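Read from first to last, the chains carry the letters A, B and C; within each, the first residue is number 1.
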Amino acid sequence: MDDEIENKLEKCIILSEIENAYRAKIPGIVDAIIESCSNEKCFDHVDATVIPSKDSVIEILDIIRNILYPGYFEDQIIDSNNLPYHIGGKVTDLYEKLSKQIAHSIIHDCHRYGQECTECIQRGQKEATSFLQKIPQLREILASDIQTAYDGDPAAKSYDEIIFSYPGLFAVTVYRVAHELYEQNIPIIPRIMTEYAHSVVNIDIHPGAKIGHNFFIDHGTGVVIGETCIIGNNVRIYQGVTLGAISFPKDEEGNLIRGTKRHPTIEDDVIIYSGATILGSDTVIGARCVVGGNVWIIQSVAPGTTVMLKAPDLIYKDHYTS
Amino acid sequence: MDDEIENKLEKCIILSEIENAYRAKIPGIVDAIIESCSNEKCFDHVDATVIPSKDSVIEILDIIRNILYPGYFEDQIIDSNNLPYHIGGKVTDLYEKLSKQIAHSIIHDCHRYGQECTECIQRGQKEATSFLQKIPQLREILASDIQTAYDGDPAAKSYDEIIFSYPGLFAVTVYRVAHELYEQNIPIIPRIMTEYAHSVVNIDIHPGAKIGHNFFIDHGTGVVIGETCIIGNNVRIYQGVTLGAISFPKDEEGNLIRGTKRHPTIEDDVIIYSGATILGSDTVIGARCVVGGNVWIIQSVAPGTTVMLKAPDLIYKDHYTS
Amino acid sequence: MDDEIENKLEKCIILSEIENAYRAKIPGIVDAIIESCSNEKCFDHVDATVIPSKDSVIEILDIIRNILYPGYFEDQIIDSNNLPYHIGGKVTDLYEKLSKQIAHSIIHDCHRYGQECTECIQRGQKEATSFLQKIPQLREILASDIQTAYDGDPAAKSYDEIIFSYPGLFAVTVYRVAHELYEQNIPIIPRIMTEYAHSVVNIDIHPGAKIGHNFFIDHGTGVVIGETCIIGNNVRIYQGVTLGAISFPKDEEGNLIRGTKRHPTIEDDVIIYSGATILGSDTVIGARCVVGGNVWIIQSVAPGTTVMLKAPDLIYKDHYTS
């Protein structure tokens, strides 16, 4: 064995020793992490009860969308012969998954408030059944939203294009589903649903908001609609619109008061252009108002009014003479 | 059997009866949903022909990206020996999938207009072939976009970082692919592609827009570029910029007129800073203009001009003295 | 064989010949694409060394999140009995994957600068180990962020809702992980991580920014935080806030100077409302300042100051009288 090979071998052994030295640190690291788990400053979900599964909630949304828009998002062709089996299969699957997740979210909540959990499983089944019974109405109101998108957007080539690809319709579909569950007082799941839509299309509608029929959000990126908004029928909203809160009242102990109305009311037939911000629980935008782009409103506007920013002063500089 | 056990058993039987009662409602719910499918107010895709598959369109984009940027998004190392097999395999796969989806989108459109579909399969193959032939030019124009990103962004550490992680490049890559298919008059698929990019990186470029070489979108969240925009070469755009329409002309029957120019024209070498809004079909931003942040423009600007918002009046309040 | 059948057969043969003709073009297309790969104008990663895998980096983030928030994103229930095995398994898996990707990113960088790569594998293991050792501190600082979200948002129903669904927490979690790797001078991977979060929740935090504890981003869509920002403790930021650069100094050869401070400093206890833009390396927002919605700031603000836009002039038009 000549020197060169011996040197290399030696180097190999040293490198392998280094590798082993790093690997040997893992048990200590694991212990430190576990210790940090029991630190009350940190958050974990250990020794707790079951929790809803985020992945399963997203899968549920997928199944619901297949039922709401039959035939659009399928690999197979749906015709009137196989439709009953198709819908039947989907609804059964949805019932099993939704009742399980609802039960988990209720058990999780019982546990959080230190209550004993009785009949949570049955309540999951009851609430899932109630939700399923609302699907025909959901299909009708969503059809009104699709019609409004088509009527309001000259870039829309067909209804199918809207169903396939419009981010606003995706967000409104998920919101309408989540809102029904929110109204049934199901914890956690509605918010997981709308935050999923928020992450997919960047339209942030809180499941608590109340929104009428024929609702259309165009482009949509950056739209924020707060928990206690009330929105009438035939309302159209563009990208970057915020319907938000002004101030957050606190109780005597300095904790935030949760659950009071904090967000504005938008009456029927209102159009709100991009970037407008409307804030406050007492702010009412009257019926048939038009709110111009980038307007910032914190007080009510009478019905039938157009509100615009006064054109701001612009400064023009010619590159060559100045 | 003592009382306690008997009580529990009885409770078990009752709970199981409750469960069965909920389950027994499913057939009625399924019938109600199916009935709502045949309601003409609702949208479904039943008894229709084949439709393009959204999942497949996304997979196609993935393959195209692997061909456009060879070696970047692969698990294996690509070298000059295996490159021909690699590209050959990807292109063949792309041809099969793209020609099928194009055919589906054409059949779907024929059906929608009540036309008979002749040679739709062959047209799918023809259009897929045309698209494949454009890939070398696409690679060239995308290289100009990458160069411009590197030259314009001091946070860019390398070209590779841009290709790996820049959302603007992702959106522009998908747009350039979708635009070629849009120019070939392929229905639905181009919009599915750009709305997919919109959902991933929140940059909303309509496939109909015309955009020159060396185009760079920095950060990008909230950018909206409308269907009939015309953008020259060497244009740089920041987050939140809208290139949009002002008004939507209607025909005598009150229906929107689709397909006319509604969006602005941006000439060569223009920079548009974050949050600027430029609207209207007759609005032309002349060559070498600089449009400042948050500016709102609805009329043309002469070449070589810088347009800025006059600094708005700010109110400063000291917390302690006021 | 009657005429009709013969005609159909003939048509079949013609169609199949057309199909073959398209297919026969593929080899030529493949050659053209490969030729375009060797064009120096285009970007490829052929004959290069290994590169980090984007998919694997995303998988690593997933594992890290499971370790940071034990029990929240699991299919199984974690209790104090199985916790050590659970964390032990995750940490070992993370160590293997992270040390491999770090090694790849270092080898890739060595290659780029034409350096010989010695002990890159071992450096990968060393840096992965350093990162793992920081996990307990990461858990603590993230707990402060969660507490601040709960204290600042009346729509938050529980800590669990925040961990499950808040986009701001997702972005800050990924940022805090990426920042540690950035501080360890790991190339490419930190930016892939934060751009992944950017694509999921549209909050764009550069891994180079320095951010104190108790940080909360509400809603978050469109937030941009630049590479050289310095943010203190207890800072709250709303959607659409930009902390950016004004100008990009160039060196004598006209190339951008990279790596200097270009972004503002935000001191402790500052609140920045939606749509505000704060630019420039010398801009310091003093402690306890409140920056109002849509404010545009390019100079420093003294501590304890509230800065608001002067209410802009609005134009109200009654639809019926005007």
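Throughout what follows, a contact is a pair of C-beta atoms (placed from the backbone, for glycine too) under 8 Å apart; a residue touches a chain by one contact, two chains touch by 3 or more.
Quick caveat, the model's predicted, so the values are computed rather than measured.
Homomeric contact subunit A/subunit B is classed as different-residue, with under half of its interface positions used by both copies.
A rotation of 120 degrees, rounded to the nearest 5, superposes the Cα atoms of subunit A on subunit C.
The geometric centre of subunit A is 20 Å away from that of subunit B, both derived from CA atoms.
For subunit B, residues touching at least two other chains, in rising order: 202, 221-222, 240, 275, 294, 309, 312. Only residues 15, 18-19, 22-23, 25-27, 29-30, 32-37, 39, 41-54, 108, 112, 187-188, 191-192, 195-196, 198-199, 202, 204, 206, 208, 221-222, 224, 226-227, 240, 242, 244-245, 248, 256-260, 262, 275, 277, 288, 294-297, 301-302, 304-310, 312 of subunit B touch subunit A when the two sit together in their complex. The touching residues of subunit B, when paired with subunit C in their complex, are 67, 69-73, 75, 77-80, 83-84, 87-88, 91-92, 95, 99, 119, 121-122, 125-126, 128-129, 132-133, 135-136, 139-140, 142-144, 146, 151-161, 163-167, 170, 200-202, 219, 221-222, 239-240, 274-275, 293-294, 309, 311-320.
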